[in-house]
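Order of writing sets the labels: A, B, C, D, E and F. Residues in every chain begin at 1.
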Amino acid sequence: MRMITAIIKPFKLDDVREALTDVGINGMTVEEVKGFGRQKGHTELYRGAEYVIDFVPKLKLQLAVRTDQVDDAISAITRAANTGKIGDGKIFVTDLEQVIRVRTGEQGTDAL
Amino acid sequence: MRMITAIIKPFKLDDVREALTDVGINGMTVEEVKGFGRQKGHTELYRGAEYVIDFVPKLKLQLAVRTDQVDDAISAITRAANTGKIGDGKIFVTDLEQVIRVRTGEQGTDAL
Amino acid sequence: MRMITAIIKPFKLDDVREALTDVGINGMTVEEVKGFGRQKGHTELYRGAEYVIDFVPKLKLQLAVRTDQVDDAISAITRAANTGKIGDGKIFVTDLEQVIRVRTGEQGTDAL
Amino acid sequence: MLSKTIRRLSQGVLLSCVPVISHAEELNGAAINPANTAWMLTATALVLFMTIPGLSLFYAGLVRSKNVLSVLMQCFALTCAMSILWFVVGYTMAFGSAPEQSDFLGDFGNVLFAAVKVDSVTLGIPTALFAIFQMTFAIITPALIVGAFAERMRFSAMLMFSVLWLLLVYAPVCHWVWGGGWLQDMGLLDFAGGTVVHITAGVAALVAALVLGPRKGFPVQSMAPHNLTMTVTGAGMLWVGWFGFNAGSAVAANGNAAMAMLVTHLSAAAGSMAWMACEWIRHGKPSVLGIVTGMVAGLGTITPASGSVGPAAALVIGLSAGTICFFMTMMIKKRLHIDDSLDVFPVHGVGGILGTLLVGIFCSPDLGLFSGLGFGAGNQSIGDQLGVQAIGVVSTFIYTAVVTWVLLKLVGLLVDLRVTGEEETEGLDIVQHDERGYDIR
Amino acid sequence: MLSKTIRRLSQGVLLSCVPVISHAEELNGAAINPANTAWMLTATALVLFMTIPGLSLFYAGLVRSKNVLSVLMQCFALTCAMSILWFVVGYTMAFGSAPEQSDFLGDFGNVLFAAVKVDSVTLGIPTALFAIFQMTFAIITPALIVGAFAERMRFSAMLMFSVLWLLLVYAPVCHWVWGGGWLQDMGLLDFAGGTVVHITAGVAALVAALVLGPRKGFPVQSMAPHNLTMTVTGAGMLWVGWFGFNAGSAVAANGNAAMAMLVTHLSAAAGSMAWMACEWIRHGKPSVLGIVTGMVAGLGTITPASGSVGPAAALVIGLSAGTICFFMTMMIKKRLHIDDSLDVFPVHGVGGILGTLLVGIFCSPDLGLFSGLGFGAGNQSIGDQLGVQAIGVVSTFIYTAVVTWVLLKLVGLLVDLRVTGEEETEGLDIVQHDERGYDIR
Amino acid sequence: MLSKTIRRLSQGVLLSCVPVISHAEELNGAAINPANTAWMLTATALVLFMTIPGLSLFYAGLVRSKNVLSVLMQCFALTCAMSILWFVVGYTMAFGSAPEQSDFLGDFGNVLFAAVKVDSVTLGIPTALFAIFQMTFAIITPALIVGAFAERMRFSAMLMFSVLWLLLVYAPVCHWVWGGGWLQDMGLLDFAGGTVVHITAGVAALVAALVLGPRKGFPVQSMAPHNLTMTVTGAGMLWVGWFGFNAGSAVAANGNAAMAMLVTHLSAAAGSMAWMACEWIRHGKPSVLGIVTGMVAGLGTITPASGSVGPAAALVIGLSAGTICFFMTMMIKKRLHIDDSLDVFPVHGVGGILGTLLVGIFCSPDLGLFSGLGFGAGNQSIGDQLGVQAIGVVSTFIYTAVVTWVLLKLVGLLVDLRVTGEEETEGLDIVQHDERGYDIR
């Protein structure tokens, strides 16, 4: 199994989720994060005090998938999250040793 | 060492933390996340505009543990987070190469 | 490639980011988390109802780096985030199999 | 609220008040009535309170958090700009300075409040007070329209449009109805602004929603209110402030003001309960957004009627307001797919029309428990009065629709009315104001 | 606030005002006093402001964020429902219409405000104004009880209970004390609602907390306030609005109203400082929740006394309120383990009792710097007066406790009083109203 | 606002009012004017509303979320403590009790409000009302200073300092200007507190910012406002409340009050637009924080002038306020690097100075459209009057600066003025009050 971690633009969530459903991935966990990278942030100005906000709001998706789903998942995300502009985000893939479903105690791919 | 990532229902945090303390695990990091899976979300209705909220509030716990603590940790979490209802959550286990304690620079299991 | 996950004190973010830039790391993703460990939290008191808040606000940084950058990154973080007090945080290192840049589809270290 | 109306009314229910005024006149050689002045100072504060912070919060809670400041900013900037504009030329276009006024527009004798002196008297209160009380109405009316184009209109375009709109829509209609114009001469009953405030704002909102087009993502994407606690807070303030709006329109501290306050309150309560009931029946649950929207419907609808009806009629008016505005909101949004972001037309526009018509019935003194305080000058029957009211509704509707449309097209030639799609995605707060609403950790 | 009280008072401190009224009567053939009317219009707006948004925010900030809307909704729906109920039958049950009233309940001559006309006069102000001023009291009293069963009671059960409670507890007690009933006849001093408002609400809260049982997780699980900024905002509004509540109870713009405002303010300040001091001493730190709770204690406690005491006594009353309510809150929660969620009984109930007793002492004109404005009709000494006050307290306490208990049991037979445990975990906002309070990114 | 001022003014613009007062006197043997009393009861509520919740929210939204409660707590505790202090000795130090007052301090005849009875009369209203109206001024002035040392001062030190400051700065200056002191005798025009309120608070803020030193991290680290919606809410409340502040300073419901309300409103609007324009030109975008800051500048600046100028002058005053305060804010922060956290000096201090000087010009009745209502007693020309105004500004500035500095040093000997660096990092809410502002999920 693999854990796919994707950083995407916030307003792309619905598109990505649909694209994943289309390739049969129906579980994920989402977090609001701040990203720092090439994409420029913005400047805020309060009574002359200027603060450069380098951190851009992003969403982080985590999905545990069977190894054979990895490529589908990646291409689904890449397609759906793409706007062609800097800051579209990144996908990270790591190994996943074990998964357990709390409710049933099922393990491995059964637990996905 | 292993990194255990557990998705649980928000109101189960105290129970899980106690269960983990009982098996000797005293460090963890917690995040508020939104989960998408089999558990149904709810519908919100604002002056006739209906929005289906598929994402359910969850907590994500991350705990770095010694390899020999993994099973204890998993069973502690499974027991404490269980309500028997869909949406109780999942536990993910991944390999952890290295840990460093910022304050002292200690490494490996000493840093846990 | 490696994924470095660092838990730090919230007000240390700017220092750490600068230290990382100095060693050539220019991308990262940040989350607000709550930490549980040796550092004591605080007590809140509302009309006689006393609640012990064990969870301390922390930031979690995640940075995907080339394997040869790992040591630099760790020492940069360790230096910049250190206050010498309990609760300075931890750094976790895990293996990273693959990285994809959503915008371009680039893979591996090119995508960092 | 205009001299003729009051003069007429005073021959009716306000009779008891008049001797006091003349008494004071005799005593100190000036016509101001200190008690009425005391109440009108308060009423003015209450109406300002309706816009800032009342309406601002009501609206701002309903948008997404990335646009919260833009709404607050629009309401606040309008408060300032409309005040100055009113001072410069708006007031005189509505009320003029001469005792006799033309049918369509005020004279220009009060440009820069030229005739507003510390000892000038209007309707028994200082003219300065009458002018600022009216100013608070000229503030809130354009501010109401903000709800229609929220989350997408450029700040500069909004300012330009509002300036022109105040002068070319609000001031003339205000003159027709309260400033001695043709509708007033027909005996139109509009105590506190069914036509002048709610129909003009509501219709302008509808036109603006159509001209600007829907928000990106409407109606698929979730545009849930980002902070309903803010909206409910604003709702409470609106209710309280509306006491100044309606009871202040008596321009006196007397039985008429008291009755206006009472019927206003009952209609608000009834509108709320009606909307709640509709939701409970149709959707299975009552909501807090629903109940406060019903409140606004009840308040907007009683506004033209608040000087002419009794408490039992107020209940009927409120109940019909809550019900009809509920169904109109569903229709505009779900059937016609018009993105009037915060439902200004179905609530204020429809409420204003409904109230302006219903007062034509419930002003009648011959309805038993549901009796009102009498017909407008020159009208003898419900039929007469309803005819006049219908003329008021239709003329205000058409005039506002046409002029608003022209103005928006005009402003659209000078600047873009909307921000770009990307800016809309990013949110107006950052894009237009370099600020963020919340930074809560 | 009731005619007899006022009649009596007017023989004392209000004397200076009476000629003005009669003067006005002579002048314009109607008894309304325009200046008093001006103030009472304002006072009415202020008391409404206490409930929406004042009390709503004060309470809503104290619950967990998943229940914030449910509290706002309960307060808002009560505002509407109690208003209509008051119009239909509540007012007449409390005040009737005939000049002479029975000991226990008003006559039914004012059902649907049948006798409230635009030119009716009560106590020198329009009857419509008196009726709506009293209406705002009938709104806030049931709304106060919401704090006791917050975060667990079903909305429908809450509505049913409140409707019955207004009719069977509030209206009768209001009649006894202000409507010409037996307590008024005994010369009970309750200027603005120590018994009528605070004891009834406080005792009902205690009973409701006991009947419904504690919230799931009480007292172990953290139920920290989710937004203290909201609570402090509401506190400020309550303080300001209370000026209308207490100084408005003079039903006049005179020295009595001014003194009521002054003593109200001083007691609020003293209650706040006392609570702050208690916390600082016992817990090592003063808290903002503590200081605003002390304020409410100070305000609730001075309420019955606000027409009868001087500023030095107000300080003593405020200080004792802050201290005693502080210790009672600790006792109810930590010793008796009663989950009166927002501490309504120890603050309002205990404050109301304390104030109703203390006014029996500090009304005395013979206490030097601490002198008050005189005893109630028929009472000659502190002993006399304290006896009457004690009867007022005990009878209101017992009557309210018994009837509230019966009503809750009754409603409990028709619908579940509480949501299920799972729904409680999920939060009332989603479960009862399909809405969320905040969606801030 | 003080008797002499009023006596003099009444020979001018207030003439029309006086007969009413004497008339009332004749009629009922007491000098209170019920209509004026009605308005002043309201005005008092409005000024309290300015501090809680108005100013509290305005300030609290501007700090970081970890310090939000500390600001609310400071404002609230000051409201309570200053009230009690005013009752005990502040009032008498400012206004005394005897008809003739010394040049520098009031007599001690009104310690514990000894001479404030239910039937005492001052300036035609109940003395109790005059005393509490003034009390609300004594509340807000120290509360304004909170903005200067926000996010770092210890609560206990803040309390000690404020107690001393009220007695040794506010009360004397109030006496000089309104209590029959030397500045009043010179004919200084300060209708509602340019010197007494805004210069004292602004200068004290500057001194406090210098003595305490900047916040940790200033100016590098981001200290962005944590909740601008809260600030804008507070701004709206301030504007509304300011009507009570300025129009209430007429102590009457008359043309003077009405004109004061009108010019106050126009100056606020103009100040807002001016600040907005400055930002738009210099930074490319207008901001909501900018526009509300311009509003405060406009309001603070018109305050001393609000009883003496006409609407056209108000526009000029407002525009200059918005512009000059804008540039002063930039200078203090970016050039001088002084961390007056919430810019109290450049807005209130500079505004107070500016307004106190400008009234010396625009009070002149000979400026055509820009004419005012006349010079202060004993002054015949703009030159005369400007000289007096300058003396008022300079003496208030220097006296305040010196005494504030001494008091802070003194308090600093007894307790630490600041929390430790670590505590500052953690935030004052937890460290000083064991509470958190928000727990929103």
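Here, a residue touches a chain if its C-beta (ideal position, glycine included) is under 8 Å from a C-beta of that chain, and two chains touch if they have at least 3 such contacts.
Computed from a prediction, not measured in an experiment: that's the story for all the values here.
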Inset, instruction - In contact with chain C and with chain E at once: which chains are those? Just list them. - result: A, B, D, F
Legend entry - Pair exhibiting more inter-chain C-beta contacts, A-E or A-B: A-B
Inset, instruction - Take the average of all CA coordinates in chain B, do the same for chain C, and state the distance between these two points in whole angstrom. - result: 18
Legend entry - CA centroid of chain C to CA centroid of chain D, Å: 53
Inset, instruction - Just give me the whole-number Å value for how far the CA centre of chain D lies from that of chain F. - result: 33
Legend entry - Residue numbers of chain A (touch at least two other chains): 31-32, 44-46, 94-95
Inset, instruction - Pull out every residue in chain D that's touching 2 or more other chains. - result: 33-35, 38-39, 42, 224-225, 227, 253, 283, 285, 287, 289, 434-438, 440-441
Inset, instruction - Quick one: label the inter-chain contact graph as line, ring, star, complete or other. - result: complete
Legend entry - Complex interface listing, chain F residues touching chain C: 221, 425, 430, 434-436
Legend entry - Interfacial residue positions of chain C with respect to chain D in the complex: 10, 32, 57
Legend entry - Residue ranges of chain A in contact with chain F within the complex: 44-49, 51, 53
Inset, instruction - Write out the stretch or stretches of chain D touching chain E in their complex. - result: 13, 16-20, 23, 33-36, 38-39, 42, 46, 64-66, 224-229, 232-233, 235-237, 239-240, 243-244, 247, 252-259, 261-262, 265-266, 268-270, 272-273, 276, 283, 285-289, 291-292, 295, 310-312, 315, 369, 373, 437-438, 440
Legend entry - List of chain B residues in touch with chain A within their complex: 2, 6-8, 31-38, 54-55, 58, 60, 74, 77-78, 81-95
